[in-house]
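Per-chain numbering from 1; labels A, B, C and D assigned in written order.
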Amino acid sequence: MTELTYREALNAAMVQEMDRDETVFLMGEEVAEYDGAYKVSRGMLERYGARRVVDAPISELGFAGLCVGAAMAGLRPICEFMTFNFSILALDQVINNAAKMLYMTNGQINVPIVFRGPGGAALQLSAQHSQACETYYVHAPGVKLVTPATPADAKGLLAAAIRDDDPVAVMEGELLYNVKGQVPDGEYVIPLGVAERKRSGEDVSIITHGKMVHVALQAADRLSREGVEADVLDLRSIRPLDVDAILATVARTNRAVYVEEGWPFVGVGAQIVSLIQEEAFDHLDSPVIRVAQADVPMPYAKNLEQLAKPSVTGIIEACKRALYLPSGAA
Amino acid sequence: MAPTKSKGKAKAAATKGPGLGTAPDGSTTHPGEAEAGVLPHPRRRSIRNDDGIGGFSRGRLHALLREMLLYRRFEEKAEEAYAIGKIGGFCHIHIGQEGLAAGAIKPLREDDLVITAYREHTQAIAKGIAPRAVMAELYGRTDGCSGGRGGSMHLFDTSVGFMGGHGIVGGQIPLGAGLAWAIKYRGGDQICVCFMGDAAVNQGAFLESLNMSAIWQLPVVYVVENNGYGMGTSFPRVSLTKMEDRSGAYGIPAHTVDGQDVLATFEFFARLADDVRNGAGPQFVNAVTYRFRGHSMSDPVSGTYRSKAEVERQTRERDPIVILRDRLMEAGLLDQEELEAMDSNVRAICDDATDFADASPLPAPSTLYDHVYAVTNDSGRLFFDGRDRRAAAPRSRPSESGPFGA
Amino acid sequence: MTELTYREALNAAMVQEMDRDETVFLMGEEVAEYDGAYKVSRGMLERYGARRVVDAPISELGFAGLCVGAAMAGLRPICEFMTFNFSILALDQVINNAAKMLYMTNGQINVPIVFRGPGGAALQLSAQHSQACETYYVHAPGVKLVTPATPADAKGLLAAAIRDDDPVAVMEGELLYNVKGQVPDGEYVIPLGVAERKRSGEDVSIITHGKMVHVALQAADRLSREGVEADVLDLRSIRPLDVDAILATVARTNRAVYVEEGWPFVGVGAQIVSLIQEEAFDHLDSPVIRVAQADVPMPYAKNLEQLAKPSVTGIIEACKRALYLPSGAA
Amino acid sequence: MAPTKSKGKAKAAATKGPGLGTAPDGSTTHPGEAEAGVLPHPRRRSIRNDDGIGGFSRGRLHALLREMLLYRRFEEKAEEAYAIGKIGGFCHIHIGQEGLAAGAIKPLREDDLVITAYREHTQAIAKGIAPRAVMAELYGRTDGCSGGRGGSMHLFDTSVGFMGGHGIVGGQIPLGAGLAWAIKYRGGDQICVCFMGDAAVNQGAFLESLNMSAIWQLPVVYVVENNGYGMGTSFPRVSLTKMEDRSGAYGIPAHTVDGQDVLATFEFFARLADDVRNGAGPQFVNAVTYRFRGHSMSDPVSGTYRSKAEVERQTRERDPIVILRDRLMEAGLLDQEELEAMDSNVRAICDDATDFADASPLPAPSTLYDHVYAVTNDSGRLFFDGRDRRAAAPRSRPSESGPFGA
């Protein structure tokens, strides 16, 4: 184990996989000479050269599609979006080509590509730069999605994503890059589709993914001071989805809150809530409550942005509602 | 039309196309008349006249004519099958553009890669997919080259380097760049030929792909099948400039070739493929052709956007099959009997293809969820429709067992 | 009242609005000289001329963005996508510009645009041409969405969409264009956000939208022969959403099934189900069940396609499950 | 750099830019030295020398210099405010590119429309947004030109025709075409000027927008602020061709102008705007400039992608303010005293802007849900976060009542 930042852990995963597999390459804006807009690929140009670490023009549709084409020919591209906000320009290549290719070809052509980069809001980046894009990536079958919340998960899940034979989106977070944590040394791969209980409790389940894991844990700590013990489940992988773990925590607490960074309407939370009510209906003592971004484009002003983001208080309130407790200071 | 090469540094010399073809006796030739002609069995070599034309031997000339005739008959069969409901969905017929399928693809190596749009039946055959497998795909059957899952717009066979069959206009252009990227990454000496329609050059993907291909000098040839129309829109209505003006912006040489002249086209592509294989970098080819049918099976041949007279003139004067047939006959390289033999041969192949397709089973319902993901991970759920995926599977019928069914 | 096809009704709405408002224009591929790929704009070029009925190049991102720009300057574009499948190429302009403009400008610039065209599957159009795109349009706040199922709704909702000062997506259906129905003559506008009960019953609610309304009604008829009376609610508008009507039907039957054409994961159904369980938890006698497209890219083969689409039988089975009745022939 | 005009049919004659400026005494001039200079109050007319340079009167020349100085001081203020946390998010400074803001926008009419990307503080001021309102926006305050909701990248004021302020590279290009479309649709005689960075020309939106502008002959001028880099990527790394080669593909004339020479730029745009107003159709301008600062506030000025020496040479030799200042001084049209007065005047404006911004209230929490939709329909729910939207609203403070707050 070594303490690494989330950024370093992602770098370690890419290095681990590029060392072991010559077909893996990294392409994206500023990934090479600039070491990555967020310095995630630091040192990789030097290590692998311009053939395998490639600066792309600002042509998201084009370079994403080029990477899909390269994957069709058996390479394993890591396609970095400077942020996932910009990948909306590339969605046609993700949805119509990467996701559907295997099916349309009757299994002849798989697309072992990774789309990665930060998603969701950072600080005051305003409406066009603060978007959580999970929904756009998982609605269509054919793409997998992981959302590492810790440095260890960043390493293990990115490595697994690179090795997976299907398109996998890895959504990181600008605000996560500096987070530190213990990361296993040497080869480290976390299987996709395995959620992780980040905290154990019997009163209410807080289910979440990505950056919000940290906010959920803060809320759980504060709830604990009030005598409410939350079970915090980090899905880590949205597709494949660890349904067993979801049903287990709901069976344990009979109450659940879903916390997500993005908008609520047809968000990941909507899917999880409807799945819980479909498959654990009789276990629920109260409705599952969702905590999400305010249903508005992200405002720039500091105070409004804070108000728009899912908050510790918001989660606490939701847990209390799920427990039919009076709201108020935790 | 004289093929031209505009700004750029391609080594490929443009070839000079012959004049537009009319029948050697000066009479106007209706494409239907080609039906009168057939070809000797390809294995039976005639010894009468082996001089050929230009660099083409008599055998090669016959093979090219036969090839185009096969495409023509195949498409006519597809039209018939569509009319009686054997084929569904959108079906885009290539009739009139056969010169390009033969002329641009036949010079390629088997391990070269071809990727294209949805009007691709004949291109798939040209690259080496059996007419049976193409027809079965149009029928949506197990033995189709995409297992019946793709249909007319999504023909694939990686074993012969045919990489589809894509339905989003322009969507295949970045993929073509990516295939070429992979070739270069691996240090291979294949090339990728990426076809598109004339309307596709107005998609942003065109700019992005050509620019990346240029800066990375990828071994790719972008070929516009310039049949003059994107559905009902003629190119001049959506472009102030000529097709060959579109690639210079990225430093990619533009070439124009007459796609109705299969010999010129073949020669041109043979040389261009060599050049690209030897490092000439990406190329852009404006291949001028004409669509003799409607945009798709539901579209009339002529209508508000092009006159009946225009279509008739094109089919009369610019039929690539008629043009080659007449040249061969004029040169004494083909007689009526040979042509008829050729034709009945390809007709037999197409009859066989529909028989085969008809006999091929529908995909088993149990396969509905196959090939959504290449890997089912050990944990976690991938499908969320709440349906029992095995319940969909009926008992498999005997006809579904062998690779070629009944 | 006159009997019109759905296609004619859409045409009537556009003519109604273009006659009354000079700022309305229609742009899209083949809308003018070709009368529309599906002949929806028949005769409009002749009536309004090339200034107001405009054939666009195949540049979805570009002409959608151009229309957004024109709307920023106060025009009211009807931006036709030949099908919504192709609009994935234009999503950046929809999500980052049309949806967020009003907010980013603090209310200075609204975007009174209509995005319209057929969505969802027709017959054997295969994976890239059979996609229901609701999710991509409603996740981000700022866009409204209606899904007319009948000729009358087609006229009234499209007219309302054109008059609305916000971006409104109108998702039609290739398979709906020939459907006939009585349509009110003269000026006709249906307010957005009003669901319609298409059939009355007390046993189970079938909630749905768009093309699936017709399939749901067939299922309801067959259920009726077995003595099960379904309340069929056509949402008509997904955003704004007639929550009152949803809660009312659930309160009435205590059991609900959501039927949608698209994929289930983060589909509209997921949102509706989670809303129902959040707001009508105590009214539910059984979990809300979703019927959706099989979670696969749409296959071409006729039999597989049929299997993949939501079916009358599938809806009947779902209703029976909701009622805890044994499954079997209805 | 001599401005050039390449293929096309624009009537706008390219102007000839002067040589690169060095101080009149031949010494090298550091941009910091400009701080020593100030300008007479614009209303106080000097009578000393009214000859001017070329077609520019002394008053106009002073106004242009003062304008650029204002931009420079404004941006320096923004940098300071960012450093102490008054401004958040991404903040892209325009220092070095002032010649273009003044030279391309000042010749426009107030009802002409300008749309641009995210490096737009000075362009917003040039088009007529008060420095106060721009600074307040950077501070995220109610009195900002976007009410504090947009921030640095999303400045808007429709009353002066400034249409933003857009964060997606290339995303504003189709919007610009659309604004021009609306002008033409209404038969107006305004024009739209659509700015973009050099990196934006590799977005597909560029092709699509330019092509539509060409076929519909829209009154739009696309201006590339060619500062040589998109973040850390120099243009030659992502293009085989020169910038001026990019628009001919669509039949749009390309012009090159030296953006550091504000007089040449102004003259050029004045003429071009006239031409476009008179129906010359869309134009493409490659405006050569240089970014003196890092890409954004978090990016160092020089680094792996450009050397310190390069940046120093550019700031020394190619500062648009220094170039104009020296020309005026050399011509006896400006003295040190005037320059100093000018500078303290604009500094005062910027100090006032930050004071104003600082005093302006944060947007009221109750406004969080405002302006998501223009119309709340009579029925149906539009918001789905389950939050009580009124609960967010605190009592409104007095300072929030007036349009300019405290």
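Note that in this section a residue touches a chain if its C-beta (ideal position, glycine included) is under 8 Å from a C-beta of that chain, and two chains touch if they have at least 3 such contacts.
Being a predicted model, the structure only gives us computed values, none of them experimental.
On a Cα centroid basis, the chain most remote from subunit A in this structure is B.
Among the pairs C-D and B-C, the greater number of C-beta contacts is found at C-D. Rounded to whole angstrom units, the spacing between the C-alpha centres of subunit C and subunit D is 42.
Centre-to-centre separation of subunit A and subunit D, using mean CA positions: 37 Å.
Taking each chain's centre as the average of its CA atoms, subunit B and subunit D sit 49 Å apart.
Listed for subunit B are residues 146, 148-150, 154, 166-168, 171, 202-205, 207-208, 211, 215, 237-239, 372, 382-384, 386, each touching two or more other chains. Among all residues of subunit C, those that touch two or more other chains are 57, 59, 61-62, 85, 89, 92, 96, 103-104, 126-128, 141-142, 239, 263-265, 271, 278, 289-290, 295-297, 299. Remark: subunit A residues 25, 51, 56-57, 59, 61-75, 92-93, 96-97, 102-110, 112, 141-142, 144, 164-166, 191-194, 237, 239-244, 271, 275, 278 touch subunit B in the complex. Across the complex, subunit B is touched by residues 202-208, 211, 214-215, 237-241, 245-251 of subunit D.
Taken in their complex, subunit C has these residues touching subunit B: 29-30, 33-35, 37, 55, 57-62, 85-86, 89, 123-129, 263-265, 289-290, 292-297, 299-304, 307-308, 314. The touching residues of subunit B, counted against subunit C in their complex, run 88-90, 140-141, 146, 148-154, 166-171, 199-200, 202-204, 230-233, 237-239, 303-305, 362-363, 365, 367-369, 372, 382-387, 392. By the touch criterion stated above, subunit D contacts subunit C in their complex at residues 113, 115, 144, 146-150, 154, 156-158, 163-168, 171, 173-183, 185, 204-205, 207-209, 211-212, 215, 370-375, 377-384, 386.
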